[in-house]
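Okay, here's the structure, questions in a sec.
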Amino acid sequence: MIVSIFLLVIGAAIVLCLIRLIKGPTATDRAVALDTVTTVTTALLVILALVFKRYIYLDVALVYAVLMFIGSVAIARFLEKGI
Amino acid sequence: MHIAGMIAIGIGVLFLFLGSFGIVRLPDVYNRLQAGTKCTTFGCLFAVLGVGIVEPAWFWKALLVSLFVLLTNPISNHALGRAAKKSGVPLWDGSVVDKSRDFPSYANTEKL
Amino acid sequence: MVERIFKKSTTRVRIFLYLFILLTLVWMALTSTLHWQELTAGVLISFILSLFLSKSYVGLGLPTPTVKTLSFLLIYIASLFKEIIKANIDVAYRVVHPKMPIRPGIVVVKTELKQDLAKLMLANSITLTPGTFTLDIAGDKLLIHWINVSTQDEEKATQAIALKFEKHLKRVFS
Amino acid sequence: MTLGLLLIVAFGGALLVYLPGKISSKLRDVWAVLVALAVLLGTATFYGKSVHDALSYQFLGLPLVLRTNDLSWFFAIAISGVGSFSIIFSLSYIKNRERTDFYYSLMLLINASMLGIVFAGDLLSFYVFWEIMSWATFLLISYNRGNALPAGMKYIVMSMTGSAAYLVAALSLYAKYSTLTFSAISTQITTASPGFTSFILILGFMVFGIKNALVPFHTWLPDAHSEAPSPFSAVLSGILIKMGTYGFILFLYVLVGFHQFSQLAWKAVSLQSVLCWLGAITIVIPTFIALMQDDAKRLLAWHSIGQIGYIILGIAYGTSLGVAGGAFHVLNHATFKALLFLCVGAVEYRTGGVRDLNSLGGLMRRMPITFIGALIGAFGIIGMPLTNGFVSKWLIYKTLILNQDPFLAFAALLGTWGTLLSFYKFLHNIFLGQLPEKYKDLKKAPTSMQIPILLYSGIIVLFGVLPGIPLKIIAGFVTSFGLTPLNVNLWGIVSETGTLNTINLSMAVVSAFFAAWVVFAFSRRSVPTTAQDTYAAGASIPRDKYQYSVEFYNPLYRMMGRYLRDVVDEFYGWLARVTQMTGEIVRRLYTGDARDYVLYIVLIVAASIGLKIWWPT
Amino acid sequence: MVAVLLIIVPLGLAFAMPLFNFVSKRIAAYLPIAAMVCNLILSILLLPSVMENTRIVILGGLPPPLGIHLVAGPLGVGLSGLISLVGLAVSIYAWGYIKQGAQDKYHALYLLLLSGATGAVLTGDLFNLFVFYEILCISSYALVAYLGDRNGVESAVKYLIQGSVGSGLILVGIAILYGMFGTLNMAQIAIHIDNVDSPALFLALVLLVTGFGVEAAIFPLNAWLPDAHSSAPSSISAILSGIAIKVGIYAVARVLFTIFGVAVVFQYVLLLGLATLLIGEICAFSQDNIKRMLAYSSVGQVGLIVFAMCIATPDGVGAGLLQLVSHALSKAVLFLGVGYLVARSGSMSLSSLNGIGKRMPVVCFACVVAAFSLVGLPPFVGFAGKFLIVRAALAGKSIFFTVLIGIVFLATVVEGAYFFRMVQTLYFKDAKRQIEYKKVPASASIPIMALVVFIVALGVYPDVLLPYLKSAAADLLNKAGYIKEVLG
Amino acid sequence: MRILISCVLLVILSLGLVFALEQAPFGSNQIDNADKPGRFYLNQGMEKTGAANVVTSVVVTYRGFDTLGEVTILFIAAIGLGAVFHSRKKVKRYEKEKQSASLILQTGCRFLFPLIVLFGTYVFIHGHLSPGGGFQGGVIIASAFLLLFLGCEEKKIPMKSMNTVESLAGIIFVGIGLAGLYWGESFLENFLPRGMDYMLLSGGVIPIIYIAIGFKVGAELAGIVAGLIERNP
Amino acid sequence: MFHQSTYFVGCVGLMIVGLYTMLTKKNLIKVIIGLSLFETGIYLLLVVVGYIQGATAPIFSRTTGSPAEMVDPTPQALVLTAIVIGVAVLALALSLTIRLHEHYGTLNLRKIRGLKW
């Protein structure tokens, strides 16, 4: 019960980030929104692991966090003309 | 333990929401970064640790996840902020000061 | 024991040992078990990876792992946590408040830290705490975005933003 | 000697020319002549034999059959004869050209493949040899470069069209009867529906009409014949196009049978009459086009088409006399047309490749043997008595007259008239008239050229006087077609309606000639002088002003020229251009824009879905 | 069991290529030769035994419906023999021809391409077919762009985009089939398809045929082909025309006949094949760029093969297969030969090759023989193919096919026209400028002449192939037999 | 015009796809039957191979041939990229305006690099127990390299050792497959004992193959990344 | 949670959007992005095909272990393969794009038409 409230709130958070992702206005804004959404999603994945009672899903969250961090850095470096 | 964990998760989720709200609400990219990273990092930290508390067997891995987020989010935050500044995204009109011109590598940045 | 080995060995070996221990610990956290198979694998892999990858840690300015340093580190982390919580409540308040009471701006602060890792930790700490994040770093100066600029003076800003971490970090990285 | 061995010798000899060629050109020449003569001899040994060999070698599971009988042997001996004469003629003709190994190899290969065609006992082996002949011919036509290239293209494209039709015909037969051997098909096809038979025969007419240069498939021939090397033109005109005739005989008399053929009609128009009329048209129009040619070889080439008209007319007419005439004309045309081409070749060889009728003249004295050859050849083609041409044409006229077909007969006579006119021009412009200055020191043709010329001349006269020699064989196969048997003796044909006896004829003609010669010899007073001295006092003047042979039939041109345009050829040219244009347009589908290419893929899927919706089954 | 080596040997050698390259740079060029010799021997050894009964090669330890398996039947092993034959010739050629760029990478990619082709024709699993098909496609994208020149890169990009869309469609098709039947085994899918009638099945069929049709170059999915075949290094053009397209055709045929077996669709594809034939030949006719002309000619030939196969009788499929073999050999010879002609004359324009036959007699002779074979002249193998196609088409005694054959011959005449024009250009046109051409190295003339020997030998005695064609056609067409062989 | 045509075609396509998919009996029923591979893998996969992750046992053994092909395709991409870039002039166009990474990023990347590599290793070594696997682990290792490139301009990839790793890993994969043919019945058969369930040492050859795949994929993707951002030596 | 066709509509939608991008955008990079979108839709379709309502990932552990409650593992293996293939193609496409840009100085597909007809 309470978990579904958590999930709803997280869903709302993701929607908010998506709004910013779509609105922009600058590319950096979108990147920031993306970065935020990934953090939220990492948390979501961990909570989902709890929901489904599957320990193994934690690995998924970790992989996700690692890859998305690198993704964000790559976007940032791209935006500042570093690559 | 279970209840403590759930409370931690609740706090985390709340801050995740607030961070996302800030992303939408705050006026420029720098302020959004403030909210986006700070609140969501904190929220993620609490949520993950909360899960670790609810399921004690998962604690160490949850800790690892949270430490990773704690370490990497400021870095990506910084990278994005720097990217914004370097690519010339202007500050919000209500900003009171911009000292970046005094800073070595920004001296020749044209538009701020 | 560990201290003695660290003090005696050359930099390179020290870094290797550092990385080896770090990786083994991370492995243990990842596997969350003390079963011999996992431990053996972990030690083996950490050893091999440390052999090949320790170059990446050269010049990072790793602190000597003494009990003292470790305790300072814990103190630092504790204070960091306190600040983080304060920061979040602060930011959340500003975000939620209908008037959005913010006075954002970009200021410069100074640091006396020398090691790269120390600077990283300082910058990250600043980022994680009250309404500030590190935009850039160059030499001993940090460019900070501040959501509620209370002073534009470099010294005062340093005082308000960096010093509370710097004093802990200085002790860790002494 | 078996047929297989003969063909192996022929093909092997052709392909192995390169070996002696690597050593020395002399050895190669000897080799080529030996192979040609060996093949000639080998063919000769099959005289009068009837062989039917099913080979142990099978192609795609189909049995291959080699067979010979009177019909095959008749063509085979003509092929190997013309082939060896041309090889001998080539010895000096081709001497200083490049790629001579290639030339000899192809000459022998074409000979071999033609032999294969006539010895083939089934439609598949026929086709294989037919195709080898086609591409080898293409290569040899192109040998002269320059204008020869478009000529070669025209030839091969038409030839391929024909081959396609052949394959369809042959395999339709196979689909129906599960066999490709002539003997099996001929027994089974008697029950076929008229529609099917007509389908097969029409396809056959197309195939062999193209090779035979029957109007309207003739357009490749004038170009190809005139651009090919002369010894090969002799083969081409003399015998190669007769493979089409062989095909006609094969389809009409061997496979389908004349009776069945004559029944095929659509309302009042019978297939037979169509073919006869095509023959008649082929006699008249090309002959008059020939009249307008200024290129000696082109003139000969157009006449080949005209003479083919006689052959087809005779064969399509379907009486034993007509078929005999047509078949005999095949042989005769082979001799005199080959002879004429060789004569032109000899002239060409000496004058350095000149064959423009407007710039030659008066070569009679310089090249007497060649002149005699050309004269006899011309007599032959015109159909003068004492030459073989007379006999065959006489048989054909006779047929037409006996069956009271005045229009066809008139067409045939018209053709002879045109032939007479143009060969007068031919002889006059090359050998008579004035000798241009630059050819003053022309030498006689080399011996290797004179031998075939003389041999041909001899044969022409021999068969003109003793037509019974070939007619005996012809009568043999004509009878086997189920036509009325012919009564042949050495001097001609004995029949109730009209006996041909060349003894009487010869006597009459010889005495007439003698009389004429006596008159001419004693009345000759004129002395030839060079025109230059008389008119221009050594100064140079335009050629067409002083040489009266230039534009010989100019008035005739103006009168008929515009009706004698080669419309068919223009049509084919248009077709080629249209194809090219279509290509240019269709190619635009490949726009170069990757997105269009993706669009095509989506289009196919969407179209399939659409098809499925609108057209559920 | 050894059939798996047909795939593994080139694959393993390609994997080992970097190691060999450390030892010596020269080794790289020998590895494809070694692999292809090995494959050729294996195929020849295997062929007689698989003619009797098809071998199922289990992979990963599970019997057919459960795991992936190879079907070493007459078709698969026969095609892999063809692949290794042409592959061997081309690899010997490449030994002397490829002198630019990263040669070890070229040879590795080449090995992978061949192993992909072999895998695709051998596998009995639909998804595995897709994987090997992709190996083939992706390595050809890379090889087309191997020289890094403008045309190569551009055509590779276009090829890649089209090919990837095609691959995507294949995947959707596979997803639908898997969703409906829960299996990827082609035999098992074939069983299920007979019992189910659903629009989704039609969609799957369309998607699979379209997807594989891109590589098979069926009109209008073939837009990449003229660019790619003409811009690639000639050795790769040869292998693309000789082998890669054939794998696409094989896949289309497998899907149409073995998996679906729906007769209505054959006529639809047959008409597409006819359109491909006509358009390919007409486009080739109006080309002046010789490699582009050959590429369009490949389009036409593909159309002919597809046409023959869609007659959908054992004779028709057999004829299509023979035509496939004939085209593989002949087009390989043409591209290999033209590779050196173009290299020596410095231009791909047909007119730049005027009279080159005198300078480079061996190569030109080979090209002429190959061209004659493609046109379908005896005594070359193309004739046997054409003959069988016409025979198969007319066997039904239907007016429809007689008319279609007419169109086929129309296209063949056009094809003949440009090939004979090419022959004239090579031999009978006067060279505009006098250049002393370097001799073609033995590494080129030997494989070319070897292929020519095959063209002539098979042309004179095609019967040696007949039993194989017959059982290969049965392999494709006899759905029940295939199912029985695979699932027992 | 182009848009119009595209829209029409795509509408037809999408309608066709959706309707066809609607009518197909998808869902759980397609593996109800025990002779369906999916059901077989679920019911007996763990028992036969000893790998707790059924997907892994499918990927590595039952459909291991696909996986071999998949690895091959990555290999093709890697060497294809090398071949395409081989004859290329080094482009200096963007060098002037290129920003170097800040100290924070540099330090962070250097610090994180070994940790992420370790994590990647963890992922592919536990491929038979957790949702990881050779590909996932390889991707993580490659992304660690990407991070290094993002943070430190001067870092180059040691192509030679990468090639060696790639090559050796490929040979090991093929070698294990052949060993299965030799000691077992078929190529890529799991010929080693299955070990104790849920332990690191279980699943027979699966972890070994996944280690090889992990290294291979890591090396290849790292090479691709390095090639694309011009960091080959 | 949802009816199966909802997932299909989503997958097909993604595919169509990808195709639309490929068909209408001039920029080569955008076309490649479209390709990626298209492929992503396909991956999703593959996953959906193997999904069973209410079932979990096919990974056994000491606590979860009923095969009946697990989704079909095969499509997951297929998706893995498909994704890797997609990545390889993407890498190659991008490297070719870089090269193409060096040759043409543009990525506009209307202008990259050195080869046509």
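Letters are used for the chains, namely A, B, C, D, E, F and G, taken in the order the chains are written, and counting of residues starts over at 1 for each.
One rule holds for everything that comes next: a contact is a pair of C-beta atoms (placed from the backbone, for glycine too) under 8 Å apart; a residue touches a chain by one contact, two chains touch by 3 or more.
Not measured: the values here are computed from a predicted model.
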Starting at subunit D, what is the smallest number of hops through touching chains needed to reach subunit F? 1
So which chain is farthest from subunit B, going by the mean of the CA atoms in each chain? D
Interface with more contacting C-beta pairs, comparing E-G to C-F: E-G
The distance between the C-alpha centres of subunit A and subunit G, rounded to whole Å, is 20
Distance between chain centroids, defined by C-alpha means - subunit D, subunit G (Å): 67
In whole angstrom, the CA-centroid distance of subunit C from subunit E equals 61
So how far apart, in whole Å, are subunit C and subunit D when each is placed at the average of its C-alpha atoms? 101
Which residues does subunit G have that touch at least 2 chains other than itself? 15, 19, 22-24, 28, 31, 49-50, 57, 59, 61, 72, 74, 78, 81, 85, 88-89, 92, 96, 99, 112, 114-115
Taking each residue of subunit B in turn, which ones touch at least two of the other chains? 21, 33, 37, 41, 57-58, 61, 64, 71-72, 75, 77-79, 82, 86
Counting only residues that touch at least two other chains, what does the list for subunit E look like? 127, 131, 134, 138, 141-142, 145, 148, 153, 156-158, 161, 165, 172, 176, 178-179, 182, 184, 199, 202-203, 226-227
The residues of subunit F that touch subunit D in their complex are 2, 5-6, 9-10, 12-13, 15-16
List the residues on subunit D that touch subunit G in their complex, please. 587-588, 590-595, 598-599, 602
In the complex with subunit F, residue positions of subunit C that touch it: 19, 22-23, 26-27, 30-31, 35, 37-38, 41, 45-46, 49-50, 53-54, 56-57, 60, 116-117, 119-120, 123-124, 134, 136-138
For subunit D, which residues are in contact with subunit E within the complex? 57-61, 98-99, 124, 127-128, 131-132, 134-135, 138-139, 142-143, 145, 148-149, 152-153, 156-157, 160-161, 164-165, 167-168, 171-172, 174-176, 576, 579-580, 582-584, 586-587, 589-590, 594, 596-598, 600-605, 608-609, 611-612, 617
Give the list of subunit A residues in touch with subunit B in this complex. 2, 6, 9-10, 12-14, 16-17, 19-20, 26-29, 31-33, 35-37, 39-40, 42-43, 46-47, 49-50, 55, 58-59, 61-62, 65-66, 69, 72-73, 75-81
